[in-house]
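Inspection log for the structure reproduced underneath, given as structure tokens.
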Amino acid sequence: MNMEKLIKIQLTNIILATVVGFILGGIVLVLTGYNPLEAYGALFSGIFSKPKYIAQVVIKSTPIILTGLSFLVAFKSGLFNMGAEGQYLTGSIVAAIVGSKLDFPGGIHFLAVVVSAVTASALLGAVIGILKTKWGVNEVISCIMFNWFLLYLNNYLITTPWLKKPNAEASYEIHETAWSLVAGKWKTTEKGIAALSGSGSPFAEMLLRTDLNYGIVIAVIVAVIIYILYKKTTTGYRLQSVGANINASRLSGIPVEKNIICAMALSAAISGLAGALTITGMMPHRLSQLRVHEGYGFSGIAVALIGANSPIGCIFSGLFYSMLEYGSSSIQSKTGAASEIMDLVIGTIIFFIAISSLFRIVLKKKKGESKHE
Amino acid sequence: MNSIGVILGITLMYSAPLVFAAMGGVISEKAGVINIGIEGMMTFGAFTGAATGYYLDNPWIGFLCAALAGGAISILHAVACVNFHANQTISGVALNLIGTGASLYLARILFDGATQTLPLKKKLPKLVSNADGTISLDSTAAIAFILVVLLWLYLYRTKGGLRLMAAGEHPEAVDSLGISVEKIRFCAVIASGILAGAGGAAMSLAVVSSFSQTVISGHGYIALAAVIFGRWNPASVALACLLFGFSQSLVVFLGNGTITIPSQVLAMLPYVVTIIVLIVMHGETRAPKASGVPYEK
Amino acid sequence: MNAAHAIEMHGIVKRFGNFCALDEVELEVKKGSIHAILGENGAGKTTLMNILYGLYDYNKGQILVHGKEVHFKSPRDAIHAGIGMVHQHFKLIEPYTVLQNIVLGYEKKGLFGFIDYRKARKEIEALIKAYHFKIDLDAKVRDISVGMQQRVEIVKALYRGADILIFDEPTAVLTPQEIHELTGCMKNMTEEGKTVIIITHKLEEITQCASRCTIIRRGKFITEVAVDGCDTKKLASLMVGREVNFSVKKQKKAGTEPMFEIRNLTVEDRQGICRLSDLSLEVHHGEIVGIAGVDGNGQQELFEAISSLIMVKSGTITIHSKEIQNTDPKTMLENGITVIPEDRQKDGLVLDFTVAENLISQNLSAPQFSRHGFLKKPEIMASSAALIEKYDIRPSGCSALKCRALSGGNQQKVIIARAIARNPDLIIAVQPTRGMDVGAIEFVHKALIEEREKGKGILLISLDLDEILKLSDRVAIISSGHITGVFDAQDADKGKIGTLMVGGKN
């Protein structure tokens, strides 16, 4: 394959953009008086040097893989879901309520939490879809409105005596029956702690030191299901067709309104799942006061873009994003350079993905020059 | 009665940053470029304004620098959208990360590792105010609303405005008249960056007196929503900003918990109202036709 | 170099990538004359004029205006040199008023740097009077008729002081009467010493008004001829490069009972303005019914009403005595109606889907293509390959290619293949040959006639009166949302149809 063909492939563009992102990040580090090699070294040791770091990266990647998928699902149907933030909150609020207020046996409780959270956020998505199809309300604006509405709803609910834990600025914790931690109960028992700290295996360390949970498995399953949905099914065909050309789809007998509502509901459901899994899988298993949004929605957009709008791609870009975010704290602790350098790097990568036609132009120029010589 | 005055003052103060940023959004979208990166540009402006204002000990110079910083960072978006025909949304997302990242990174370097700047000795002044705060008008609010009038006149009365809006409706037509669509769009994006930067500073220099990680948190997106809500018309967009500013002022004013209705519930209201109004308007929003579409000859 | 020539273009070469759009093209236009440039769609006429107008740069060649060599970098230079262009797709800003559109780019400043509309209005009104136009300067462009929009474009050029006017396919959307008016207007201009260049692929227009004619074929200069003493047949063969058969062989129609009926159809738009009023129409088996009319007289609404894209206020649309108004496109398809929409890229195809995917878009749930909601990929590819072969969609074997990569003519073939593969009873074809070259047009016409021979009904909505007269068994004329007359195609008379198209009495 020649260079020109290679550059037409999205993956190549993304890799090139990543390289450029790191180089430019390095230049910024040099300009501000840090050694980029040292900084990037710290970054990678902060990600890979201990099993628990790797586990943290995986744990933190779960919600953003899901919000990335959520953005992707909407995007494939021509919708711009800026509302992952609010849908995430919907999921976590419902998860916290069902998890703390109801009693079920272990496992079933977890399922009940997830199903109710996903249903609630899917309903929110359907409302956004109906607002768009019935009344022409632009989904970007309704999403932003719901984001803030839900932020304040979250803050309000945890001031009510019903949900507020006394002496805390937060809600009650959900019951352990609803947790999705790996070996959640056992590892906190004395016997468990003793067994784990004695074993010395890397997995034991992960279990003991992190909130390792089943969320990532669910996220990967969701990604695979979405992949199959778009590749193999008529539903996926319709959902994508509506996004690619709404007029032609309508004339082909595809019910476009229904598909838009479904796409938005599905998208929101996935963000809601992210919220629910955070509550079930991570300490402190409860809602807290929010001054601003947590940024999962926005990270999701970045994940979807770096993942080249492919469901499987989202798994990798989610992990990648999570690595950089998590590893960035080591840059700060080891070299003193601010961890936000990674935001700059990620931003630069996305910027170069946006202008990836640049790579083609540069290549052409080079070719032209070599011809002259 | 007094509280109405106080709320009005706070509303205007909180609206000003939104108005600046939203006017930037109007200019850019009317010319055909969606600027989702306003949030990042605002953050960068808020930081630059607070930092330069602190070091030079003058909030006005800070305000000016903020506008310039917003303009500078928006060059990236302009180059991507105009010269490289990039997907405008992707570029905007990138700018949000870059703007926020750069602000915090620089803050840590300049302010001993803190993600915030030290407070200014004096904020941007109020034009009018009395002791108990029942009458107050921020200079930023005044500038913002003068800006609305000027932008309206520019768009609907001048040659530049006529051409700018044409570039957002039918760029081929503009091109066929020998007017450079690229130039119009490039300048519009820079203008929107300048205004977003000023909007950020109106937050960090007038509402509070320093920059911190949360000083700009979603304001850019709200400004964006205001642009759509106000149907791309400067006057209605400004009204939308007032509504959202009102919401924030309620949270601030009632946050002390003196009133029986929880402040959070009141704070939700404007967002609900917006959606209801949009339903009643029934999709009458008409975006500039070529907005978001890269123009290639 | 000749000062009697308003325009000279010598040896013009223009390449787009590897494609040579113009290869050493020559053009000489006498001052004060009407000069035609004749060529098929895609021959390079518009490219040549876009070069003259400064919209495109060129790779080689020389351009002289009034004997002086020029090199325009932008239309601004061309406008400055007195050249004006009326594009085929009008370059007007729809939400702007006529006045705003005319001054755009040529604004005059008044107080505080605001645009001095009053002064502009005076000057423009004088211009309108001089050319006997009737234009409402305060109307929004989106509210005025196509003919009117063209006049706005003309005034736009004149207001900029143009003395050389280029018209790109100016008659494509006009009624015979409007065409007549336009010809008169062009002659007026030449009498005032202005030069007119008209780009067209219609022969009749040339013989009506032009004095000389340059013929271009596939980017190459063929010849320049005097129009007097040159018959249309000869011009046509020069244009296409072979003998052209103008008539289509048709056999007598068979059906007697109408299979598709529209009764007293009334449609209002959102503002409550009547778009179709009391419209009745029927189509028999084995019959092509052509709808002739000026653009914007309800053709679009008729199409949209049949496919339930818009709501019908009253009246019925029936196929095989089943009412289908106010249902949805799916019901229409299920009842044996299929559509070939006017805008193939906007309404016909999903450009980012492959050819195979587009070919099944109306048959997704059919058992041959899916089971339990899962697509049957092998069957889909096989069916697609067969259709590509049958309809000669190029490049051959393009099943897995995105439709975006196909040429316009081949995209249209995909739509036609999809429509006919459903084995419908009625085909609604809207402008099925818009913007296609002669070869592709012949293909589409043949396909439609073939379906007619098989006993299908065809409703042909077209702005091209020649196309309608050529294909139809019966012609219905639509004006202001109403059918103003129905003729057997044999008895049709162009003048009479033209009168009816603008709402005159039969």
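As written, the chain order gives the labels A, B and C, with residue 1 at the start of each chain.
The working rule: a residue touches a chain if its C-beta (ideal position, glycine included) is under 8 Å from a C-beta of that chain, and two chains touch if they have at least 3 such contacts.
Remember, it's a predicted structure, so these values are computed and weren't measured experimentally.
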Please identify each chain that touches subunit B as well as subunit C.
A
Between chain pairs A-C and A-B, which one is joined by a greater number of C-beta pairs in contact?
A-B
So, in whole Å, the Cα centroid of subunit B is separated from that of subunit C by 44
Any idea how many Å lie between the Cα centroids of subunit A and subunit C?
48
Centre distance in Å when subunit A and subunit B are each reduced to the mean of their C-alpha atoms:
27
Subunit A touches at least 2 other chains through residues none
Complex interface listing, subunit C residues touching subunit B:
53-55, 74-79, 85, 87, 91-96, 100, 103-107, 109, 113-115
Residue numbers of subunit C touching subunit A in their complex, please.
307, 309, 328-330, 332-334, 339, 341, 346-353, 357, 361-362, 364-365, 370, 373-375, 377
Note: in the complex, subunit A contacts subunit B through residues 28, 32, 80, 82, 131, 135-138, 140-142, 144-149, 152-153, 155-156, 159, 291-293, 298, 301-302, 305, 336, 338, 340-351, 353-355, 357-358
Per the touch rule, the subunit B residues reaching subunit A in their complex are 40, 76, 79-80, 84-87, 89-91, 93-102, 104-105, 107-109, 113, 115, 214, 217-218, 221-222, 224-225, 228-229, 247, 251, 262, 264-265, 267-268, 271-272, 274-275, 278-279, 282-285
Of all residues in subunit A, those that touch subunit C in their complex
232-235, 237-238, 240-241, 244-245, 247-255
